[in-house]
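Note that chain A is present in both complexes that follow, paired respectively with chain B and with chain C.
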Partner chain A sequence: MARIYQIPSHARTWLTLGIVAASLPQLLRGPLWQAALLLLVLGWRALIERQRLASPGRLVRLALLVATVAATWRSFGRLHGPEAGTALITSLFALKYLELVSKRDAYVLIVLGYFVCATVLLFYRGPGAALYVSGCLLLLTASLAGINYSDTHARRRQHVRTAAVLLGQALPLAVVLFILVPRVAPMWSMPLGGGQARTGMSDTMSPGQVSSLTESSALAFRVEFQGPPPPPRERYWRGLTYSYFDGTTWSQARPRGWRDRDTLYRGRGAAPPWYQSLLAARGDAAGYRYRVIMEPSQRRWLYALAVPFTDLDGMGLARDWRLVADHAVDTALGYRVHSVPAARAGALTLEQAERDLMLSLPEGGNPRARALAEQWRRQYRDNSARVNAALGYFRQRPFHYTLQPPRLSGDTVDGFLFGTRRGFCEHYASAFTFLMRAAGVPARVVAGYQGGEMNAGEYLQVRQYDAHAWAEVWLSGQGWVRVDPTGAVAPERVELGLRGALQRAGDGADAALGGIGRLPLLFQLRQWVDYLDFNWQKWVLGYRQDQQRALWQRLLGGVSPWRVGLALMVSLAVFAAVLGAWVLLRRRDRPITPLQREFHRLRRALARRDLTAPAAASAAELAALVSRARPTAARAAGHWRCLFEQLAYRGEQPPARAELAALARRRRALLRALRR
Partner chain B sequence: MFKQAWQRWLERRLPRAAQVRLDQRRIFIFPSGYGFLYVLVAVLLFIGGINYENNLILGLCFVMLSLFVVTILHTYRNLSGLSLRAGASRSGFAGGQGALQVVLIAQRRAHRSLWLSWLDQPPQEISIEPGEESALWFNLPLPRRGRVTPPRLRVQSRYPLGLLRSWSLVALDQACRAWPRPQSTAQCPADGGDGHREVARAGQIGSEEFQGLRAYAPGDSLRQVDWKGYARGRGLHVKLFQEPANGRLWLRYQRLEGQGMEARLSVLCYWVLRLTRENRPFALELPDATLAPGQGDEHRQRALDLLARHGGPR
Partner chain C sequence: MQALDKALAQVGSVVLGKTEQLKLALACMLAGGHLLIEDLPGMGKTTLAHALARVFRLDYRRVQFTSDMLPADILGVSVFDPDSRAFSLREGPVFTQLLLADEINRATPKTQGALLEAMEERQVTLDGATRALPDPFFVVATQNPVTQAGTFVLPESQLDRFLMRISLGYPSPEVERALLAGGDLREAARALKPVIDPSGLIKLTAHVAKVRATDELLDYIQRLLEATRADDRLEAGLSPRAGLGLLRAARAWALLHDRNYVLPEDVQAVWSAVAEHRLQSRQGGSVAAMTQSLLQSVPVVRH
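Then we have the complex of A and B:
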């Protein structure tokens, strides 16, 4: 019974708060019974502490444990994996709190609490989450300090102060460790999985789908350029290509008889010929160097400008110049790319199987479009003339760019080209590619993002509403050439981005963007928040091997292991020495009163004037010393001494500010008298 | 063997002194069991952070490790600068317990949650604020007569976080005096008085005659205080009795023959106690020391101390 008092009451508050705070994020996202469990435990605990209820016996605890495990199993279907594991640990954490009796239980509980804090960071990664977890850390550390200071005189606030001081002192070393401890590759893969599907590109495209994307202003990725960024009309972020059309839907496809490894090079094994010829064509052309920080998309494809080259670490390059990650992107992912448009020259041959695929069309359907293409085929011998004819067609006929096109059914291409003539990029790209294939020009649809906004001149934000689709056609002698039929209809979409295009057109679709154009202040605020978030992504979340190498190179002038090891050792030693000196040798461990400070000031001032007082001199001795050495200053010294003694010995009442000021004036008068 | 070497090493490194100030030579520090658990969790977080490629979890791990490093300093600091001084001592009979006082002095900083113990006794916890002194009494079993030096005092602290344990083994220059264990005999080993007469039984007041009162002085036996008068508000006085002319007894070591030294001292001890209880004056003669005749608690104390010291170093 008495064992309950092993945890001092002044520490229990922090412990309870720490437990609630550490569990809260999981309670918000986990099943409801978890919150009920914690409430039950808190209530029970409160009653135990008021001695209304006994601590639960072994049987009750066992029953609760079994029930918790069963409920976790029921909710998640398993006990391992991040989701279920976090839920289980959080529940066990609550149960442990219920059986808290001895100091030992409290230790285990608190150390477990640190672990629970870490599980929070699995699912929340913003700067806010980090701040929140720091708060939990403070509470847990305060409870740790509390259970180790079982003096009844201890105050609650004291523990938090202790914890804050300790954590504050620990922070510099933590930062050094963060920078210098090498990030190694994962020992085994632990996919987070289970994430919600996010808005983004999908494997297939049937006109009408991208419009739903366009309404989202969620971030897709950010790009940080080394050197000047390309002009807006060149910012075509290729994500995936669609080469198969079934009459309504475009989808990805491989040429007949080809296997995955024929179209994708992951950087392992001998480089295929197509990759070697791309590399040869790249030569040492400048191109664009940049780093993309992608938001989780739950998809494997990555976005880059044509033709992207990377270190192929964790990703591969596809034959159609796309980057494909080895795993679905389920956390923010940063990767460096060197894009060289000139490397297009390295792909000047089209194999027969590829050509067949790029010319393939469904058996029937869309007769009017086929007839129009057939007419161009007969009229122009040259493929590029056929492309121009199609673009001219879009330009001359009354086509409109709009985000709210009428619905199409049946022969969608015919319906769009000869009927509605209203649509957005998907409609144009789809119809254009269809026409080209029908006219005998190999063509494919490319989906990705176009444009992006610069933030603070430092990086480019590409949002979901920048999603775009365009076409690429094969021209002999030139290889794959990008053609954007949307640009023929609405050049401002390409030049200004979607926001600019809509503002200029005065299209009512502005509302679809949440009215961000109309509230400049809010927009500005959002840019700032995004800027903060970008730097967080870049320096904290995205601080991986490559960035670490770059930073080491800058800080240490090299990345050899001994250099980093030495830097670690040196910074650890410097940290220990500085902190040790600060903690152990600080002269003022005991706060001194203003009066003592005044006394020491005079004493030091006298010492500078060769009037060194003995170690334990009183105010009277100080004054006597002055009077003996400089009789002219005796009066001033007496004045100072009088006031000092009056303030020091009059009793409980501490000196007021005005009195201290008067004392300081007398000290200065004394020092002036010494000068004369 | 190992234990002896350890003790010798301690003796060299931390010699006995009247006052000891704990510094880096005297303080040992090592992670506690919970400290190891804490580090284990930090290592688990490191593995998790690497595998999930989660820099925030890695950051949390680094904060935990740095906190551990910082705590080393603070745990050390909590003991560093603490002074311990040998205080008073309480003697006891051999086979019983004595007590020693240790004074803790906090000079520059607070020392919190210190656990002090020796032997297997439950530790006493104390916190001292800067500029304060605190005294603690420790019981010391007295196995044999003579001067009993205490074992090393273990001063230990886990403040502030309990992840580390810093401790020192302090040897203060102090000792308890163990009086002989009283051994009753029928025959009083004394000369003088009325020759070899039987001494009155315990509890009985002797044949003294009441003479008057005098003001109480420290050292007077409490048995002789005039409590009735004190209750009436006349102040603390001592009743004086006329000493019987021949009542002065000489307890002599030499008179106990045919017994070992400890047995003789035990008998003498018994008679010192008994004669004091009966308010009879006595003198004590040992082979190497003599106590002049006297009576009262202070006299008894002197006699017992003489018995305790006998045969030992001066």
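Then we have the complex of A and C:
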């Protein structure tokens, strides 16, 4: 009968822990049967190890394999793609544990475990995830060390120490590879669609949509400014504009007859006139320079302050100053923006089709609002006066800012303006834009985020609860001007952010934010964690092709392949040399003693005088060598030998400095005697 | 130490021309270790054992090992005494101060094992009762080279129980001539006068343990041990027990030369006798040459 490989018991613990740890993230995310499968395998394996059960035969293994593949197909509808593939790999990893027949199988299992660890990082990517995966690697490496240790009495802990040393030694190599290995697009941008929920703004706005976002304190994006950040009341992060209203819902629209390329410039081909005029208006105005690091949103729109200029790499600028990514943002995305408010002046003409869209209203409905607007239109000739009239209206009537507005139905604008008068930013933005259009002022709703918190004075965190909607109106001579009707009702919303506004209003919705305002310590802790996460995003996940090239340029003075290749080789060589030197030096566990040095001083001095003693010579042999060759020096040699033996083999304590000096004197006397 | 010199001279008067081996044998006894003498028959092994027993005035017994021997033939046996109606132990030949185990490799492993166990434990357990062996207790075993027919090779684990292994070898022509002229030396050995009594031997053994070995010297011994372990011509390196034995033997050698501290030369003198029988070569070849070459390659003073 063939011998079945037995994992040494001191390695088994680590292997089992490593398997469970590496599989756990998938088990938490995937279908329940995967956890059941792993438990089954672990139990079975334990019984095999105790020799209560035989190893499964070929038929049983085949049946398990078919069942696993079928279950994966049933759960995911396919076998390829990141989710299904990872699930399948993780299950097969568990199954492999069942068929350990030879030591080779154990190697395959552990290497597969490393691969499963790598798949974890497809789905989880914070510093926490990296730490967790490092832990898994430690366990797997410990088991790898364990199965290579034949001594049955090996200590478990010793494997972990070995593994930690190995991983520590691998770390500099990993850093070098991280910096130098080129990012290959298909590997570094695996699409992970579908599985993740879309968060943030949607492409339509109806009452209640933005306020639902405020229940989430999830991060939307972070901004790192070069230079001072703008004051809070200027932090309007534009994401979308809504130009079409059907009576209840605002949505994005293009002017009639226009096509995509009329409104979006992706940086390819000739720049359209509107873009050129924006550039011209920008001139060399300072504005704000910053880098946005966006969380995956599964949407294409990007957020920026008004009028954003970028390198248009992988994104385009829309005519209404929105940034639109070429693909939905499915991994953390960093982009640099230069926002110049003064560039608004570059858009001072409104084409007819555009004007028509910005004034369009549904056929009927909301008669009272229309009547009010009509009254302003007749009363004021000037558009800005009409805007002020509307803002004054919001300010003077008893409007109330709340996260829990009463439900509206039918003519929602009328119901809000003249009935409930309680609402959230989208109610104000929607009603204001409606009034403006009815009063003949071109207007649109803008959605995005407003405000954000500075963390450690280094970067701004913008969270989902900072979601906001406001309006922009067209004023001849000024172009599009931002108007925030919410600010007219609740100025603190703009100045202090949502949390401040709600605290001041005494609104019970503070609880909706997880009550974080009430626990300063917890808040502080969360800020720290976020700080860590930010730097991780910035330096590790955000390290993509462009930064890599910039770093190469700075470190290597160029990005040509041979330069990078050479740098890689040199780094590896340096690494190997350092490791080698360390291994060699470490062999000398204790430094050589002064006495030993003295001995070899004489040995070398004799060798220079053609009295070469073997490397393994003792003091007596040295003396005998001298006596044989130069009988005249025999006495001096005897003196030296006597003292050396006295100090080395007779003394209770290591020799004192004076004794060593005496020995050196006898050595010199011996050498003098040789000269005679 | 005069007494030791005298003892050496006494033994030397019956085992001619083998001073180096006699000193090793004496050092082995001073170190409290058992001695294995490997030689062809008729080389004076028995005479040596006899002489050693005489000069230290030790009880002496000799057992000729044969293949049909049982453990009881060495250790003793419980017999029922009809008068006292009780079992009493009839002690075997092992209950003596110096046991000459002649041709130990003729006995079956079982019998060899019984003796070697007694050597290690310095006690014998029979029928549940444990009896201590006399103090001092030495075994001088002789062995024919294993190529001879009808022998059972002693396994390494048991060879380890012997502190030293020596072989006397053929005498030089002059000595042989003297032998032929001189008559029966075994009779002469029996007539040797004691020089040191057993209690004196015990004192000397205690003295050996006090001979100073400095860190420098211990380092040297350790380097030697490590060298045997790193040498891939050898099956396995020396055990820590072998290392302790080496140190003890070196101390005894130093004492034999009237020094109360160990020199590297002492270690080198006992090295082959202590190390050789515990090592096995991996691909054939002479272990003796390998142990000697190790001694040449390991630096006495680290550099």
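Definition applied: the second predicted complex is superposed on the first by the 532 of 676 C-alpha atoms of A that agree within 3 Å, B and C clash if a C-alpha of one lies under 4 Å from a C-alpha of the other, contacts with A are read in each partner's own complex, and residues count from 1 in each chain.
Just so it is clear, a residue touches a chain if its C-beta (ideal position, glycine included) is under 8 Å from a C-beta of that chain, and two chains touch if they have at least 3 such contacts.
Keep in mind it's a predicted model, so treat the numbers as computed, not measured.
A.B. asks: Which holds for A:L59: it touches chain B only (first), chain C only (second), both, or neither?
C.D. replies: neither
A.B. asks: On the A-aligned overlay, A:A286 touches which partner chain: chain B = first, chain C = second, or both, or neither?
C.D. replies: A:A286 sits against neither chain B nor chain C.
A.B. asks: Regarding the shared-chain residue A:L131, is it in contact with chain B (first), chain C (second), both, or neither?
C.D. replies: It touches nothing on chain B or chain C.
A.B. asks: Quick check on the superposed pair: does A:Y649 touch chain B, chain C, both, or neither? Answer first, second, both or neither.
C.D. replies: A:Y649: touches chain C, not chain B.
A.B. asks: Pick one for A:F599: touches chain B only (first), chain C only (second), both, or neither.
C.D. replies: Touch status of A:F599: second partner only.
A.B. asks: Using the touch criterion from the header, give the chain among chain B and chain C with more contacted residues in chain A.
C.D. replies: So, of the two partners, B touches more residues of chain A.
A.B. asks: Quick check on the superposed pair: does A:L521 touch chain B, chain C, both, or neither? Answer first, second, both or neither.
C.D. replies: Touch status of A:L521: no partner.
A.B. asks: On the A-aligned overlay, A:L144 touches which partner chain: chain B = first, chain C = second, or both, or neither?
C.D. replies: first
A.B. asks: Classify the contacts of A:L32 with the two partner chains as first (chain B alone), second (chain C alone), both, or neither.
C.D. replies: neither
A.B. asks: Under the contact definition given at the top, report the residues of chain A touching chain B in one complex and chain C in the other.
C.D. replies: The overlap between the chain B and chain C interfaces on chain A is empty, containing no residue.
A.B. asks: Which bits of chain C are touching chain A when the two form their complex?
C.D. replies: 212-217, 261-265, 268, 295-303
A.B. asks: Provide the residue numbers of chain B that touch chain A in the complex, in ascending order.
C.D. replies: On the chain B side, the touching residues are 34, 37-38, 41-42, 44-45, 47-67, 69-71, 73-74, 76-77, 80, 108-109, 112-113, 125, 127, 130-131, 158-163.
A.B. asks: Mind pulling up the chain A residues that touch chain C in the complex?
C.D. replies: So the residues of chain A in touch with chain C come to 592-593, 595-596, 599-600, 603, 614-621, 645, 648-652, 654.
A.B. asks: Which residues of chain A touch chain B in the complex?
C.D. replies: Where chain A meets chain B, its residues are 82, 107-108, 111-112, 114-115, 117-118, 121-122, 125, 129-130, 133, 137, 141, 144-145, 147-151, 153, 162, 166-167, 169-174, 177-178, 181, 183-184, 186-190, 192, 331, 540-544, 572, 575-576, 579-580, 583-584, 589-590.
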